[in-house]
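Pasting the structures here.
In what follows, chain A forms one complex with chain B and a second complex with chain C.
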Partner chain A sequence: MRRNTGRLLRGIALLSAVALGATACGGSDDDSTGEAVSASDVQAALEKGGTVTVWSWEPTLKSVAADFQKKYPKVKINLVSERSGDKHYTALSNAMSAEKGVPDVAQIEYFAVNQYALGKGLTDLASFGADKLADKYTPGPWNAVTQDKAVYGLPMDSGPMAMFYNKRIFDKYDIAVPATWDEYVDAARKLHKADPKVYIANDAGDAGFTTSMLWQAGSRPYKVDGTNVKIDFSDAKAKQYTDTWQKLIDEKLVAPVNGWTDEWYKGLGDGTIATLTTGAWMPANFVSGVPNAAGDWRAAPMPVWAKGDKSSAENGGSSLTLPALGKNKELAYAFVEYANSGEGVGTRVGEGAFPATKAELQSADFQSTKFEYLGGQEANKIFAESAANVASDWSYLPFQQYANSIFNDTVGKAYVSGTTLADGLKTWQDASVKYAEEQGFTVEK
Partner chain B sequence: MTTLQPPAATGPRQAPPAARRDRRSWTGWGFIGPFVAVFALVFLAPIVYSIYLSLFRDQLIGGTTFVGLDNYQQAFQDERFWAALGRVTLFLCVQVPIMLGIALLAALALDSGRLYGKSFFRITIFLPYAVPAVVATLMWGFMYGTKYGLVGDINGAFGVTLPDPLSPDLVLASIGNIVTWEFVGYNMLIFYSALRVIPNSLYEAAEIDGAGQLRVITAIKLPAIRGALVIATIFSIIGSFQLFNEPNILRPLARNALTTDYTPNFYTYSLSFNGQQHNYSATVAIIMGLITMVIAYVVQLRGMRKGA
Partner chain C sequence: MSTPLTTASPAAPAKVPGRGAPKLRTTRRRTAGKPRRSVLLTVLTSLIVLYTVVPLVWLVINATKTQTGLADSSGMWFADDFALWDNIRDTFTYHDGVFGRWLLNTLLYVVLGAGGATFLAVLGGYALAKFDFPGKRGVFATVIGAVAVPGTALAVPTFLMFSKMGLTDTPWAVIIPSLVSPFGLYLMWVFATEAIPTELLEAARIDGAGEARTFFTVALPLLAPGIVTVLLFTTVATWNNYFLPLIMLKDPDWYPLTLGLSAWNSQAETIGGEVIFNLVITGSLLTILPLIVAFLLLQKYWQSGLAAGSVKE
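Now for the complex of A and B:
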């Protein structure tokens, strides 16, 4: 239940324009779908009109849908936004297997796109010319929605990672902001020594965070090629992560608090959780969830594994897809394209969404946006830099949703017992392999 | 009212015998029909459908295939399922006797007539049952918090370090505490109402024979409410085996302790909604249902035999 709330909040993360004082960026150029055939088909469909059902909890889509309907008065966008996260996927999977009530457009988070694409549940948008849009998007999100030449959705937002830190606490104990993970461990020790109530971070086992950390470290535990998968957490880069993080766990330097709980918000507010390494969508959540700490927090680049290295990773983010069983494909694509590549992007960024499109990320307006909550910091510069440094060859499992659901059963043991993180990852690997085999995948050992 | 008027009352008499027989048989169905329809729809159909589901396997790669009893074979070898069953069995053996014992004590105390402010106690003990399980669990979850909850406050105020109630070792006991708190009142009420119907003459006879209170309890009260005890035990067995709400709601606070296979019901839920393993989930549910039925039936047989 709470998990859904967390997801929901993460989704809502992107709402917040006014509070952030973000200024709307100039809308991108008037897009054409590129392909002569498709474009005219789409145009004809738009003139003919119809209804498009969209399942998405992205709050900024409301304005986009209104604008779209204004532009094409014959088209009606039926936005269904009550469900998010797990509930959303359950409903979507149910509709797909019942072959009834499938929406024309569905929001799917990056980690789950593979899963739906594999089940032949999604339309390949390359036939609409979506493959030509590759250069518009930053590499992480684009990679997440494509497989070989197929394009299964258009990126809606992204979560390049950054480290948020509580400047008040760091200043109070005169600790330098860590730039590498080794410095991070040192800072954790100093902070906790200075005040035993203060932890450098909260971590009670979060699949999304751990996979993002592995991503940044350069580990590639998942290799997916159609129905062949390889799951292996034993590479040197993964070890680099587990060795370092194990120190934090062993020395009890991370607070055993789960994200999106009351304890978590309190910890972020009163300074007992001093840093938070997460996606660039976080500021909006700070504003809504931790209003009492306004001005305390700042953004900094995510710590790296070696000085001079700039690698980053993504955390969160979603795309809009066209379920294969949806109707009105031309209209649906027109809407998705409008929202995630066309004029809609400007509207959504104006309302606080963190874009996945290069043009918006690089625009001067966007980069110079001052975050009042972060003490007037121009944090988007850091986020955009991070987005440019996300390694693009990461892939999630075609059943990541399930794998994440058993993360705490396996890796979670490392947080509450003598099991090590590395052993926990091995157990996670074994359980994932077992599921993969049960589900008919060919698992490479 | 109109049916009482002569024309209507004489109506059937004018009808030919054959038609009357027809009408009679249909009337019977008319009474039982709504029940049969609802019973079939909400009780039989889901069970039949679950059994049907349990004979198939749906894979992400390869789709749905008929596998006969393979799922059952898998379930019997499934460590996660047996571990979950073991956990609720332990829960059953420890929590249920404690809960029923407290409930019985409370009921006897209320019935003794020596308690001042009887209705106040009765309503106070019963009150937790009126709190929805979800709310109760959230409330207890907050109290269990070692950072900002009651446990944390006690630690801070007295300078002690209480063990974390949500740690893997203690979380089952913590759930037991919540369930006991919730259901003592409910069970007490069952016992109390059974005690109230014992005829007064038995007590008078006991008094004449010079029996003490303890003797009255063991010789009159307990035998008289044996039926109620058996019923409460069966309810508690079913409740223990179906444990789901409490672990599900506490889970965000203790993800590492409350695994997705913590109780059999939670396991079927996870199989179905996280793993899309609906078929296997149905299998586990059916096996669990059968086990519950068998144990509840055995308890009923034994309980009743003693009573006879």
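Now for the complex of A and C:
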């Protein structure tokens, strides 16, 4: 009971905070400094010292901050890591609208960068020379943090998708590891028939997963050009996805379990959830969240829509940004650069983060890393190949956070009632269009 | 406003002073000679006991498990590994011992918030019970009305107000709203009316004691059981407070335990986040221990506080 109350209260808190944030979103319209900041300015700031407040829940930043402080003893990194996800965005939006307590560096997931950039909440890092770093990063993440020539953050990690599967279960029932989505549906049927407790995957409606699936299939439901948006889930590629996934839902082949819950962790551990198609960052979560299934899991390329095809997509991942209202911009940029492009990357990869930088992805060391959890597999080879095959022309909505929040009320219905996935997407589209118009976007029909 | 925030407090809802307790006492007296047995009542009581004890038992059992043990074993029995001491150590050392900081924060909020609320309730309750002044009915209506307004409804307006005053994200944002306890005031009022004979106050006045002295030396000792009752109420309310700090505080250094544990729990929902369900569970157990201790130690006062003032001796 206490948990339900907590959740309800949290919901109310979010609602009220969102309402607060929404009214003030257009408030801060200054501070688009076009002046270039030279490397020597940054160096001078580092020697002068100061404090940089960083809001980020990325666990590997702790070591990076310690190293950074060792290197520049006059700089203090104040890492605030207790908030994550929605709570983090609520706090960030509130601080921005109150124009008080805004951090100097904020972690923002790729899907939400657009939103904060459009609200003029973020500093354009091109003035620091960040635009010259384009070639360092893989296309998916870089595309997510840039708009035209503006760079709103440096990619911290990335989530090229792969399919993790429980080898113990697949071996037990002698089922081939699927390489295409059609084979995946077959495998789902066989698994569930062999043991009705086993599901090929969990899916109770997850906006991030659905958009990633559309991304891989080649559907481009969102087109964004400044304040002009187009939202359309009706293309043939989207249909290809909904037709296939509908089979899994209709035949009850996916477990009705939400991701990131304790039930989910349990299912991943005891073999009742047999595959997980998600970002390459997953092994770190496996190690800490599902220690009891060590050795059971392996990685495989994400199933594709046609044999021989190699398309992939990104799922998750975040960047570090400099909020426009933050202070100590030179120091803040120096830290972000250090963590996401400089020496910090090596430290973070060493601690299990999945990089967004090409050099690390292609290094022999990285590729030959053996994952003890995955039975000694050199899984980074699979992940790096996936990263290279991500189409870079995907874009999220400038209000993706809101759109994702209504996903369960629209598409989510397909998982619990007679609504089809395609109808659900249409409802989601309509609701998103309505919201876009209310917010003053020009919606192309 | 703090009272309605604590619907989760274990003892608060069932006992309304002046009703449940005295009835119990008279029943016991009457049936002392020939105890009656009721199967239905026994079964019902057992169910309620189970209902309240099972979550506690679950908490204690699972606080002894490692993260692996949690996933591998059944919830209602021990895993092979007994890791309670390790868990407790890890809870206090994780993230540079932030749990200890949260514990101290909670204590600060309880001492200042609940202590202050009790103090104000005692002063106010005594005044309302023993002094006649114009507008007393109005005060009564306001207090009763305030008891009925859920704290959640006031939280957002309070936040906006505090935000204007620049108090959000400071401990005051949690302490000041906790100082107001309409329910505590009402309780003290009812209690003071019954527990302090007006004749006694008159005697004190005739003997030449000033109002302050009368209050502190004559009234206060008589009010002790009631004070403990109100103190327990407000302590539980402040200790368990989640929603108010949630919207008021951004800086994790000022989090109370409730928010801190919730933050730890949501680590499991993030990419690369360390899953520490074992520490969340152990932390929860450690969080409720002081409350359980307080209840056990103060049980005597609590019960007599509930009963006293409800019957005319």
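Note that in this section the second predicted complex is superposed on the first by the 408 of 445 C-alpha atoms of A that agree within 3 Å, B and C clash if a C-alpha of one lies under 4 Å from a C-alpha of the other, contacts with A are read in each partner's own complex, and residues count from 1 in each chain.
The criterion applied here is as follows: a residue touches a chain if its C-beta (ideal position, glycine included) is under 8 Å from a C-beta of that chain, and two chains touch if they have at least 3 such contacts.
Because the structure is a prediction, the values reported are computed rather than measured.
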Which of chain B and chain C A:Leu118 touches, first, second, both or neither: first
Partner chain(s) touched by A:Gly418 [first = chain B, second = chain C, both, neither]: neither
Partner chain in contact with A:Lys266 - chain B first, chain C second, else both or neither: both
First, second, both or neither for A:Gly308, with chain B first and chain C second: neither
First, second, both or neither for A:Asn408, with chain B first and chain C second: first
Contacts of A:Pro73 with chain B and chain C, given as first, second, both or neither: neither
Partner chain(s) touched by A:Ala98 [first = chain B, second = chain C, both, neither]: second
Touching partner for A:Gly352 - first (chain B), second (chain C), both, neither: second
Those residues of chain A which chain B touches in one complex and chain C touches in the other: 1-2, 260, 262, 266
In the complex, chain A residues that touch chain C: 1-2, 5-6, 9-10, 12-13, 16-17, 57-60, 80-85, 87, 91, 94-95, 98, 101, 157, 159, 260, 262, 265-266, 269-270, 279, 281, 284-285, 288-292, 316-318, 352-353
Residue ranges of chain A touching chain B (in the complex, touch as defined): 1-3, 86, 90, 93, 115, 118-119, 204-205, 227, 255, 257-258, 260-263, 266-267, 398-399, 401-402, 405-406, 408-409, 412-413, 415-417, 435, 438-441
Contact footprint of chain A on chain C as seen in their complex: 7-8, 67-68, 71-72, 95, 98, 152, 156, 159, 163, 169, 242-243, 246-247, 250-252, 255, 260, 262-263, 266-277
Residue ranges of chain B touching chain A (in the complex, touch as defined): 59-62, 142, 145, 147-148, 167-168, 248-249, 251-253, 255-257, 259-261, 270, 273-277
